[in-house]
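Below is the structure I would like to discuss, written out as structure tokens.
The first chain written gets the first letter, and so on, giving A, B, C, D and E; residue counts start at 1 in each chain.
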Amino acid sequence: MSKTTATTTITTNSDQVPFFQVRRKLYNIIVRGFLRLTTLVTVGLLIFMIGYILINGLKHLTIPMLTTQSSYIEDTIGIFPNIMNTLYMILISMLIALPLGIGAAVYLNEYATNRRLVTTIEFAAETLTGIPSIVFGLVGMLVFIHLFGLKQGVLAGSLTLVMIILPTIIRTTQESLKSIPDDYRHGSLALGSGKWHMVRTVVLPSAMDGIVTGSILAIGRIVGESAALLFTAGFGLRLNSLFKSLQRSSASLTVALYVYVSERGEMEAGFAIAALLMLITLLLNFAATYFGNKLKKR
Amino acid sequence: MIINVQKLNLWYADNHALKDISMDVPRNQITALIGPSGCGKSTFLKTLNRMQDLNPIVRIEGEVWYNGNNIYDPKMDVTDLRKHIGMVFQKANPFPMSIYDNIAYGPRTHGIRARAKLDAIVEKALKDAAIWDEVKDRLRKPALSLSGGQQQRLCIARALAVEPDILLMDEATSALDPISTGRIEELVTQLKKKYTVIMVTHNMQQAVRISDQCAFFLLGELIEYSDTSTLFSTPTDKRTEDYITGRFG
Amino acid sequence: MIINVQKLNLWYADNHALKDISMDVPRNQITALIGPSGCGKSTFLKTLNRMQDLNPIVRIEGEVWYNGNNIYDPKMDVTDLRKHIGMVFQKANPFPMSIYDNIAYGPRTHGIRARAKLDAIVEKALKDAAIWDEVKDRLRKPALSLSGGQQQRLCIARALAVEPDILLMDEATSALDPISTGRIEELVTQLKKKYTVIMVTHNMQQAVRISDQCAFFLLGELIEYSDTSTLFSTPTDKRTEDYITGRFG
Amino acid sequence: MKMLFFLCGLVSVGFVLCISIYLFVAGIPAFKVIGISDMLFGKVWLPTASTTEPSFGILPFILTSIWGTAGAIMIGVPIGLLTAIYVAKAAPKKVATAIRTSVQLLAGIPSVVYGMIGMVVLVPLIQRTFDLTSGATLMAAIIVLAIMILPSIINVSETALSAVPAEYEEASMALGATKEETWFRVTLPAARSGVATAIVLGIGRAIGEAMAIIMVSGNVANMPGLFKSVRFMTTAIASEMSYAAVGSLHRDALFSIGLVLFLFIMLINLGLKFFIREKKEET
Amino acid sequence: AQEALSGSIATDGSTSMEKVIGILSEQFMIDNPDVAITYDATGSGTGVAAALNGTADIGLASRALKEEEVAQGLKSIVVALDGIAIIVNEKCPVDNLTLQEVADIFTGKITSWKDFGGEGDIACIGREAGSGTRDGFESITKTKDANKLVQELTSTGAVITAVASNASGIGYASSSAVEGQEGIKVLTIDGVECTEENIANGSYLIQRPFNLVVKEGAELPKQVQAFIDFMLSEEAAPLVAKAGAVPPAQPEK
């Protein structure tokens, strides 16, 4: 059966714009073409970036590098302390920002009744997303270090990171909350659930996708941040325990990368760290998705 | 009188959707609400368990008394109120969870955790809603994969599982075939020994078959409210007569 | 015969939901599908305009011929097919846009841009679906603020605005009061001069009142299919008889 | 519970207040000394000049930031959005997962690395293609920024697009709309607010970025031009802050740039908010 | 050390001094396990400020102190010298320039490599305002405020990479960072090579000091004084050299 027969048989209303069918076919072809093309561009970029980093980085990523700390005397580079520092910072800042961000989003979407307040908070969150990390770094230094008297270290760094990632978490969570049909909420409330119970059992599980997306973007920001950490978490390349690192200058992987690349011109180490960061991001993404799904099921 | 409505007015923004409704609903009886589409039946039903609170553009005046308490009293515990006044919505709205979890949702909310007890509640509710046979082998499957009518019965079962005092049903049988409808009607008739039922229906036969009282709404007004038999045999208002004889509009 | 179904089988994953359905639907007539909830009526209806394509777990075998074309032919232009075979869904699903834009969506999609023409189409469709009077002053308001029954009529109007060849209606009047129902029935009866209508209904009286053919489904099988009068007066299958006399189950 | 969530909401307001107070306190003095119009409309930036009079005009930075952000948005948003549609709706499941995962990887790459790659690959490429003395130009910065905002745009709008109820799409298809038409005329509008969020996040990332573009934009305080070496507001702060002597007018002027940048971001957000609200009221 | 030292030493300042301070403190901490030395690389300006307001025990500045800073009661101690190497792309045919030629190139008086037998326009790549390297370069070439750059980068590594990827590029960078880098070539200036020896004896002209900044006349904690003494000792010289910088010929006290 050919297409022509299919279309000839099915034409009853003839009051159509003459060229419309042609235009419409064209529209579809063009749209699809554009979708493919842009995706191809994106995929090309992805492959290039990822490939470039892996090719230049993996060959320099050696076991000793991963498991030792740098020594100036022996002139070796080891990034084990930085791996730990990065993990500490992810841990601490997510522990603070995730509940705060989800809480704020839930407040905005489920509880708030005062429009003006909502607008204010949303506006604040949006403003935060646009502030350059260097400004966060300066403010973080001023507030956490000069005002609160913390020392440069993981704690001050993580607190600064909280400011940076909070809006991302708020916005993405809020978006997914918005997309949940009211039918579900009404169904739950009509059964006599309290508001919080409804949020916990029906709303948050359905919003899990957005929360995971937000967390992943947030982790990405944490992992990729350098400017804001230079002034707050510091530069230290030595290994510390979690507790000690809180108040001791501790470079994250990205800060270390920045130092090696920009002060010493050690491109190789830089790419090695970048490749490692990518592997870490990948791992964390899988973890976030996995736990997200798990929570959603519950 | 379990419910007592006094001079209730409701606006959706500037659309005056309920006008001066006053109405008493007797305990342990079935009260039917009838009237043409868009006349305010769902709107009225939702004022009885304060579901209208959720719509920010709604403004309400007047009083609704439940068991001697004004439910619009700011001190009212809305959660508790809704637990006692259950509701089945016009559009079936199962949660995106398994069939089992949908039914167990209410009991769990109210603190029942024991597996055996939950199992028993779920089974009873599904049986009462005449859907047990169709789903007993797929309780763990998502509720959204059910057919339209199955979803509606699921929602009835979900409301029953909480054992409310009053059950508000918004066209709960409209998507059902005669057999399921018959079963639900039977259920409702039995329920009235323990519960009070207020139901919206488009089906006059159904109203005649099972309701004790009947209220006729038109353009947001309560035109006539009396014994079902009286209303259908000797309506006092011309408009009621026109509507029930199908001569209306 | 405008539609011709041959040995159609459908599975939702491993749930065999339609079994060996063969059925001819005559042009310019009204064909009713009846049967208990969950028997496969909606499922069958959705195979006729290939809406089932959208559900990845569905597997279909068999053939459906429309005007001499096999609609499951890979070369079939599905868009064009759906334009000619319109559908009203069981659960009202207006777009989150204004009332006007909901109706104008279809015509716009098919290339009508002129404002005056669109206005005329929208008005006619809303009038046909017996909802014009209720919404004419609020065409720019969101469709989701309509009452349940209004939403359903809106969806009917939306389908009519495209002027399809065949109209598939899945319990399109279940949420409607008798008056609106009457109007829609009237409309459908008129439509059959130009269109062919296939409708799912739970309302036997409705089937008797307006349909020419009637098909009875049970557990995914087509049990009996014949003239409506024949089917209701002298059913050949015991199960059909049980169902239409309400003795079933 | 409500109180608790309310407090969570207030935290970000607190942050913004704290940042604005700090920026105002630190940013106003230089304006007072130099003069608002001399600073905002001055075209010459020579903060450490010792042989001539130092000059603190930040107009080149402001214009560069506007140009750069607008350019990045113009390239990045369409590409990101269309990719998101493809991934959410058209792509085979496996392809979609693969793209999604790699986009998330992209989100975790530090900006310094974007800068590095831009510097060794993109800058020479531009230099050769357009036969310039140096490829480190506004154009290079725009391209790098456009790539950097892709992850936010793709991830967030993809989530929003996937969350649109299937009913809407079904209704559209049943009216004879093609998939493409359905995506653009039903799904996209229904996901509008999510897409707007994606764009806001993307713009935020573009305006706030410093480390990557320092390495590819040339970083000379010229008035902007596509093939000129330019400096952004962010890079101006980032590059000189650590060396500017504490208490000097130079440092104060850098804080003033921070303040201008901050106000600029506020303005954009207000504009977007207004725009989105307008749209919403139409329906 | 006779008596065991303990406590912490906070250093803060120039990023260029990262390697020198790193190696010295690593050795010092090996010798005195109870001492913890921290280093915050925030930039010379901040380092000076930190020394002044006491948040750091030792400020680090890769430039000479300004008059007003000295006036506030700070003093500087040269811990090392840093040559500023003039680098070009490895494809560039030029090997030697005079100091004047360097100045002319960076001020835009000479704009083409053709004048030196090469080809193409010269792309001058420099550092941002306030950078110690730039300060040193500009004071010695006497080109203050007159540089015409096509790129102003914020770090040594970035300059090296930029020159390596631009065939007509010329730039300046800390000598400690340029050795062993691919794609670039270090020029001799007036025929003098940029080597440790030539920097130490002053014959290589383009260089700057690495300074420790402390408060004038203040009594320093024991471990801090010990660390400063160690950094200026003979023992420290090979370490400084290993870090790529040049130990000063006659350490000042």
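Everything below uses one rule, namely that a contact is a pair of C-beta atoms (placed from the backbone, for glycine too) under 8 Å apart; a residue touches a chain by one contact, two chains touch by 3 or more.
Quick caveat, the model's predicted, so the values are computed rather than measured.
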item	value
Graph distance between subunit B and subunit C, where chains that touch are linked	1
For subunit D and subunit E, chains touching each	A
Innermost chain, where centres are averages of C-alpha coordinates	A
Inter-centroid spacing, subunit D versus subunit A (mean Cα positions, whole Å)	15
Centroid spacing, where centroids are CA-atom means, of subunit A and subunit C in whole angstrom	46
Averaged-CA centre spacing for the pair subunit E and subunit A, given as whole angstrom	37
Residues of subunit D touching at least two other chains	116, 178, 181, 238, 241
Subunit C: positions in contact with at least two other chains	80-81, 83-84, 91, 110
Set of subunit E residues in contact with two or more other chains	15, 42, 154, 158, 161
Interchain contacts (touch definition) - all pairs	A-B, A-C, A-D, A-E, B-C, C-D, D-E
List of subunit A residues in touch with subunit C within their complex	1-3, 5-7, 9-10, 12-13, 16-17, 20-21, 23-24
Parts of subunit C lying in touch with subunit A, wherever the complex brings them together	66-70, 73, 75-77, 80-81, 83-84, 110-113, 163, 165
Touching residues (chain side subunit D, partner subunit E) in the complex	46-52, 115-116, 119-120, 123-124, 127, 133-136, 214-215, 218-221, 229, 231, 235, 238-248, 250-251
Residue numbers on subunit E that touch subunit A, as the complex places them	15-16, 18-19, 22-23, 26-27, 30, 36, 38-42, 154-158, 160-161, 173, 177-178, 181, 239, 242-243
Subunit C residues touching subunit B - in the complex, by the definition given at the top	12, 34-38, 42-43, 90-92, 134, 145-150, 153, 170-171, 174-183, 202, 204, 243, 246, 248-249
